[in-house]
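Here the chain labels run A, B, C and D in written order, and each chain numbers its own residues starting at 1.
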């Protein structure tokens, strides 16, 4: 059974009434509840817990980690980022949501600035399915419409996605690559754009469906272990050379 | 005119006779000399210079940076790595050579461990051209043969290359993706495997030809500037929404 | 010097007044004129010429072929399609425009249906630059706006592009991958969406700039020749095996 | 349950004693037997059956089609190729084995010549796992060794694979991209190199394991249906424009 850990800054919900009205128990609780309904084994972790709730034990027990950060990226310690990074390379899935494009863990995995354009005007977003047979798009129709969203616009400074599953149209005239798949080490990564804290995005059933699909896709419990380091030859060759600096 | 800066640790050449015999003035001097012959404007920088020779002024004047590191990756300061990283995202090309797979700047750009298998046995390597029409392969025949090399073997823990230009066959039975292209931000990156310090790889004219091609490819002085940040709508929409947390 | 051949069905312009008013000498003449102004050596070819104007001699002399087809894809003979296909694999660039998504040569190179959604309502299109440092985007600002276009919408049934340079936003609510790069054999292929016959798209200077960039990118006069077929071993191995069926 | 159809020319086995000794009931029977043991619902089809055994009914009932062809590619009728092509775009998986690189269906899907270098000398091949966490590599160790194979060497004229799962080392000095994934329309395609008729490749348990993994990967019974063709706007726009040629 797939175990998902939903991580959230969990600050806006405690400091801003608009956000609190939408997510009284936090964005993480809403997402974890939805994934629980989809049959996953779920747990949550937040910024203000010790180790941000992401101890080695928690990560070892996590098949896919969902990450929601926004205003406090710098408050996440480098030690925790390093720990999460290693777990991703070791095979844990990572789903980076919305403003997590600027999180330390996502930019660390991408290697780029992950900058973009944005606007908060409660405008319409239409998530078009670009690759309809990708597992993350399973069960969707041609597009998902969100009546009120924050806009994110291109240029989005990311490495070219391995697969572009969704691309968003915005009422104000922009578009954005909003569902992007990557592999890093043994881990699968999915960046998913929707989710601004002042709109009830994660209560949307289609968005929940996509998150469930993404968790399923990102969890690959199997896989060949890799061997690294100094290595004996397989063919019979002369190994007497001594010009080594190592 | 393209300006290339060749960076080198420049320690082995001063500490090990085998290396000093092959590269009396350092690997950087040999490569810079070859690129000078190919018509590039060249300069060099080394670890033990102030700021490792990579000041803002030097980087601003560099179209493509060649990097050779091996045993002293940790001695490169984070500040310099950060500076180089920003210049790559801003459009400077980067050519990471051989053991630089483990350099801070390359792993920072890749987001993965960049681990691999290796062996020093002076064995034969044959660099096969996988994409013969790629600019970096221009002028080559089917393969380049190197009679004595260190072996690097798969699994090489890198993000899937945007283009795989070369793949190496080794006498001892392994193979390796040895010419890998990436784009990160506005910068082009080429990882090129050959180049162990105890073999005269950078004196090989075909290797020099490949380096010259790679510099040419990695230098793109042009390009549209990107705009990031808060952005007014292009279409006429209602922007009176006030539910912002920003 | 790069030689471009602009191919056009050249039927609409002779049969429909709206089209004739915009392109009195044909779409091919307008495009060829613009590319001539950009310094290319240009020639044209049309459906109703013998061999559709695409003899072996013409193709051998062509570095990049621009293709505009719409209602008469089936009238292009298979022999000419085969000839063009071979020239592309041999290194000639191909730029497939607009409704040429359904041309025999483009679907032959893609291997898919190349189906899409469409609507003719003279609506606004905004071509966003996704990869601002790609050579085809050189000199552009963030987007190109076309006040009146035919809409093409996703799902566009193509192989995942090697590079997605442009993506289009449409007033009616759709989006579309409108600038897609591919390599097939030694040839470079660019699919470029704009260009419906009843709107003056190819008179737009930014569109002409993109076409000039695309021709430059698609022409690679150089490249290593490939060797195929039965091949002697490079290493010393026993070749006495006789269990062959060939 | 996944239904696999194994297609084979089935001529060599009836005409050549060496091949008959290895595959007395045909390559298709050996592969189908192995997949049956892996829990798949299997059936076979061969060249000399009516419609080459690939009727609409058979294809409609096939989740993944395995294809082995060699000397009789031209004997496969275009009508059957067209039928298989449509089923692949519609979602049926295709696994093209060994000399099927030159089959009509594979070259039709790739759009390139699919040429390569080859040699029959019963030499050693070592299939290295490049992407150890890909589902097709599940359960394997670092490489699979085949003591006697036909050599295939680069340049292999294919479109750049979406994922390169295996790359082969050959005793004679060459290498080859031997496990290549593609998506075309709704179908997944895997090219897998091993399998020459005069060596007992398909009796190898690791090869059978890979084929089982590939079938599992290629079968995606689910997926969003795509909508194509003329399309009403989603946003409220003026659709009164009458400048149409359609």
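Operating definition for what follows: contacts are C-beta pairs under 8 Å (C-beta built on N, C-alpha and C of every residue); 3 or more make two chains touch, one makes a residue touch a chain.
Only a predicted model underlies this, so the values are computations on that prediction, with no experimental measurement involved.
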Chains in simultaneous contact with chain B and chain D: A, C
Type of chain A:chain B copy interface by residue overlap (half), same or different: same
Length of the line joining the C-alpha centres of chain A and chain C, rounded to whole Å: 36
Rounded Å distance between chain A and chain B, as computed from the means of their C-alpha atoms: 29
Separation of chain B from chain C, taking each centre as the mean of its C-alpha atoms, in whole Å: 33
Residue list for chain B, restricted to those that touch at least two other chains: 126, 129, 131-132, 142, 153, 155, 160, 162, 171, 173-174, 183, 226-227, 234-235
Chain contact graph, described as a line, ring, star, complete graph or other shape: complete
Residue ranges of chain A touching chain C (in the complex, touch as defined): 126, 128-132, 142, 153-155, 160, 163-164, 167-170, 173-175, 177
Contacting residues of chain B [partner chain A, same complex]: 12, 16, 18-19, 70-71, 89, 108-113, 115-123, 148, 151, 153, 155, 157, 159-160, 162, 171-174, 182-185, 197-199, 226-235, 237-241, 243-246
Touching residues on chain A, where the partner in the complex is chain D: 91, 126, 129, 131-133, 135, 137-142, 162, 171, 183, 186, 220, 222-227, 234-235
